[in-house]
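Two complexes, one shared chain (chain A), two partners (chain B, chain C).
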Partner chain A sequence: MTIQELPSVVASPGNDPVAPPSVRGRDVLLRLRRNPGALAGLVIVGLVILTAVLAPVLAPDTPSGQAFLDRLGGRCCPGPTTEHWLGLDELGRDVFSRIVYGARISLLVAVVSVLVALVAGALLGATAGYFGGAIDSAIMRLVDVMLAFPSFLFAIGLVALLGPGLWQLMVAIGVSNVPIFARLLRGSMLGVRASPYVASARVLGLPSRRVLTVHMLPNAISPMIVAATLALATAIIETAGLGFLGLGSNDPAQPEWGAMLANTTRFLQTAPHLAFFPGLAIVVTVLGFNLLGDSLREAIDPRLV
Partner chain B sequence: MGVVGHGARLTWGSSEMALLEVDDLAVRFRTLRGEVHAVNGVALTVEAGETVALVGESGSGKSVTALSILGLLGRAASVTRGRVEFDGQSLLGRSERELRRLRGASISMIFQDPMSCLNPVMTIGAQVREVLEAHTDMSGAATRRRSVELLDEVGMPDPAERANQYPHQFSGGMRQRAMIAIAIACTPRLLIADEPTTALDVTVQAQILDLLRRLIADHGMGLLLITHDLGVVADTCSTTNVMYGGRIVESAPTRQLFGSPAHPYTVALLRSIPKLDGDRKARLLAIEGQPPVLRADPVGCTFVARCGRSLDRCRDDTPALVEITTGQRCACWNPVAG
Partner chain C sequence: MVRFAARRLLLAIPVLLAVSFLVFAWTRALPGGPAQALLGERATPDAVAAVERQYGLDRPLLVQYGKYLERVVTGDFGLSISTQRPVTDELRERFPATVELAVAAMLFAVSVGVPLGVVAAKHVRRPLDHVSLVGSLVGISMPVFFLALILKWAFAVKLGWLPSIGRLDVKTDLDRRTNLFIIDSVVSANWSALGDAVRHLILPAVALGTIPLAIITRITRTAVLEVMQEDHVRTARAKGLAPRLIDRRHILRNALLPVVTVIGLQVGLLLSGAILTETVFAWGGLGTWIYDAVGARDYAVLQGGILFIVVVFVVVNLLVDLGYSLIDPRIRYG
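After this line comes the complex of A and B, so read on.
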């Protein structure tokens, strides 16, 4: 399940515009607890977050700290030892430490970029869905134009425009994900707009700002939460992808999993562990967010199971 | 009492003016397959303290009439003709801002489905307070107090506690009570109830109708009751308007209408009500045919295709709503003689 498939599921016009009574925090938590996939996802995501937070405690070395090369016995990139669990890279840096610190970068970029996408997408989608008509058409055509570019390509283009760096990365990934959120919220806003409680809010003469923020948005937002969780997974992949292409941060003190992979391609035959461990970190983290997002979706909309 | 939205009132007209007067109202919808003449020359009057019924089958234009009174027709619809006056002041052509001040404050409406008319993510109390906040200057504490009073007034047990609960924790009847509390929060002068009991159990229906009757009597509100249930009409309304195909075909004091219906449609409608003491083997009388789709500009009587008493002129000549006996008006070339 990718997020692109999501809008049709959660916002199809046939769906009951009123949130089914089961979409309640307590029920959602209960269903999450019963789902082994959700638990696995939660554990993985929790561990990644813990790793990121406790990086200075967990990591035996700083990410840019180099072991004296002469102690390596002149060989490049020794494999795992008891002293360096995941080995040393070509510059004598501890791979384990770099992966641990890398969790910080990956999470930071993913969270910030998804927030950027969420906020901008929600603004566009809510505006389109609330006003409808010409405003809706204008916004959605803009979104269609953005969707016409593969989102990764779009992000590459933006980084090329902004220059490499961590902040530029966040903006690029964030902006390239805006269309997904805009479409999703617009769809569910359209559904909510047609609902009787919004009609009765109008009949009661409530100001339109209040109808939008109090009656429509809170009822339309739940698919966005699921989409955001799944978008975190894509954002991590895109971060790694851009890092791999050398479009991330150049700062050696900011080890990025994708960039670590890129540096190791030259040593694949002699030191495959250098590529294996950052790759594993990416796979596991993405898996965790996907498991969590999918089970959250099922918990919020039990009809899909 | 004394809770009146500031600026919510229009200047009061003279006392002999009807509370609501609708005259020759016509509404058209633009659709992909041409215009639909949903309402065609509807006229009705509601006096303060009076309950008036608007009866008709689905698609006869009842709800469209109600929505056009409130100026809530969507973009696809437009009022092409007629007059809607509330307290002697025209409601048509008013700005959205003026109408918004009126809605919920001077004119309120309750809907058919209490299950979906309440916002599922807000407590009932918050939804009552919201209307008070929108239309009055009351302080936060005062709106809280008033919202509990209102819930109490509509017969909600434990109103203070119920105010903090969400719609899903309420039964259908209780939700309809909550809807009514919201609608009467600012003591409107006119209440429009669009099928208020259709989604409820029969016993709950009776309770809700009792409640509405009591509120009308207590506050001197006018009530426009839109329904397809003639049983509800019989014991609630003083005047009944029967609507068919976008027109009022008969209008009379309820007793008179049930006693001596004049329009063939009203007659057929009354005959299609199952009777408890009737012959159980007898088939229920249905009205043959389908209601008209009002695409082209309708010429002639809209009921002609289903009418057993149609004359030649019924096809080409639209009958006007004329008084046939005192208080009873009927739009038919060949009315059933009382």
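After this line comes the complex of A and C, so read on.
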């Protein structure tokens, strides 16, 4: 038996009646294929990604292109017509086009911010979980301080500091979610650290870095994948929330779904479609990521079902 | 129990100190100073310097922090730069508004979510269960401000059943002692004010409570399902206890632990959601207060308000921890 084989043999469910269910890729995929929720989530997320990629083809107008309102009767915000499927906003811009382009902004901000949170959180969590002791204490106290703030409030604070803009949004949402990932990875690292195969790898004299990267991280990572998928859903809601408060991008060529909702309170009586369609886009996208995240969790750890 | 509470309180002190410094340093790092915000873009440097001297903003950062901490300990958060009123006075008006909203939202979420979760668990894998699962998934995916706008459009604008903004009608008279309008109106036996306050509270509370409701429903369902499969429940059934008694004494009590944890965790969500909900309904609480303060660079309000929210958050988490040992006597803290 080679050293590389050691962990898989020791951790194999077949040898250990209390071992967790298999998290091998093939089994996870099999369980995912049997889950209608996973399929629904995948279709929704796939469609949103496709919309974002094909925005210039799908959208009949540019996001900042204005129709002449006077030609449309001069009143604010005509509702859906055959020409403008989802109506026009208060500046005469095509709502459908803006929602289509908005998919780009929401996905971009969500993916980048979750990556920021994931990488920073994983670094902190892995360091804490691997070394333990004083390093662990120092990192976890930092995480405690961050967790003392409601995360949305933390994000508002960071945006206020950094100023409005897309990358500022990504940093703010990313940093405010770091504690979740740091805690999660630390927790599963602590669990893995105590397992027999890590002890065996250490006894065999493998260097720390190898034990960490080859034996501990891959076994501690599956909850992180689930958390990251669900965090994408939260990030889209938080992006929209910050946009709604006027803390998103000021650029009219970057239509953000939450920001599109921001002005609608004034037009709620005359043009409810302005609030309805961008809001629906947020709900459907978030629902897709939530379905996908839940199904992944069930597939990776079927005991939770 | 007392020792555990004391230890947790002591542990919270360094966190609160770190938070207070972080908030302090953050307000100082915000672009554009408070003097500039107060005097406007075209203020002369002399005028800016004078205002900075008046508020002690020209002194070294650590000295300012020390002074600030000294005052905070005595409950003095300073003067709001935009309203010239003590932050503590504003806090006394704003905090009860948010508490009233958050408590109403939580009551709605728990009183609907727990029974719904139990019913779903009892009908597991049947249509009722599926409906509740899909419903809670949609609830979790709903941004609070979108739901708030939809509710406002449907029930205030279209149907006209409920008021769309504020906490009380301008024509309603109320003796405001606690600023919790429901309590104030009950204490002063002002029933018309009570009705008015409740009518104003319904839409914001339902909007803010829907996400916690969805989460509580899911957690209750899972917890009840887990407990139902345990040996002690089977034993209770075997010895012929009445089903209702088993539900109440053996299942619900044991399933409550994760539910209480989740209720505690929702406090952060409620405070975050309150900022957005309050904006939609022009509810004069902490959320709109802090949001306005960010725009106005009102340092005193930001420091006091955020520090206060964090203290509330830490204390509520402590209470939740203590709550465990009351619900589950197996948990004994050393």
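One rule holds in what follows: the second predicted complex is superposed on the first by the 284 of 305 C-alpha atoms of A that agree within 3 Å, B and C clash if a C-alpha of one lies under 4 Å from a C-alpha of the other, contacts with A are read in each partner's own complex, and residues count from 1 in each chain.
In the analysis below, a residue touches a chain if its C-beta (ideal position, glycine included) is under 8 Å from a C-beta of that chain, and two chains touch if they have at least 3 such contacts.
Note that this is a predicted model, so its numbers are computed, not measured.
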{"item": "Fit or clash between chain C and chain B when superposed on chain A", "value": "fit"}
{"item": "Contacts of A:N250 with chain B and chain C, given as first, second, both or neither", "value": "neither"}
{"item": "Chain B versus chain C as contact partner of A:G133, first or second or both or neither", "value": "first"}
{"item": "First (chain B), second (chain C), both or neither touched by A:P196", "value": "first"}
{"item": "First, second, both or neither for A:G205, with chain B first and chain C second", "value": "first"}
{"item": "First (chain B), second (chain C), both or neither touched by A:T213", "value": "neither"}
{"item": "Per-residue contact with chain A, leading partner among chain C and chain B", "value": "C"}
{"item": "Touching partner for A:T81 - first (chain B), second (chain C), both, neither", "value": "neither"}
{"item": "Which superposed partner A:D144 touches (first chain B, second chain C, both, neither)", "value": "second"}
{"item": "After superposition on chain A, the shortest CA separation from chain B to chain C (Å)", "value": "12"}
{"item": "List of chain B residues in touch with chain A within their complex", "value": "70, 72, 75, 99-105, 108-109, 111, 113, 115-122, 130-131, 134-135, 168, 179, 182-183"}
{"item": "Residues of chain C touching chain A in the complex", "value": "14-16, 18-19, 22, 26, 29-31, 137-138, 140-146, 149-150, 152-153, 157, 222, 267-269, 271-273, 275-276, 279-280, 290-291, 294, 306, 309-310, 313-314"}
{"item": "Of all residues in chain A, those that touch chain C in their complex", "value": "141, 144-145, 148-153, 156-157, 160-161, 163, 233, 237, 240-241, 244-245, 258, 261, 264-265, 268-269, 272, 275-276, 279, 282-283, 286-287, 290-291, 294, 304"}
{"item": "Of all residues in chain A, those that touch chain B in their complex", "value": "17-19, 21, 24, 133, 195-197, 199-207, 210, 214-215, 218-219"}
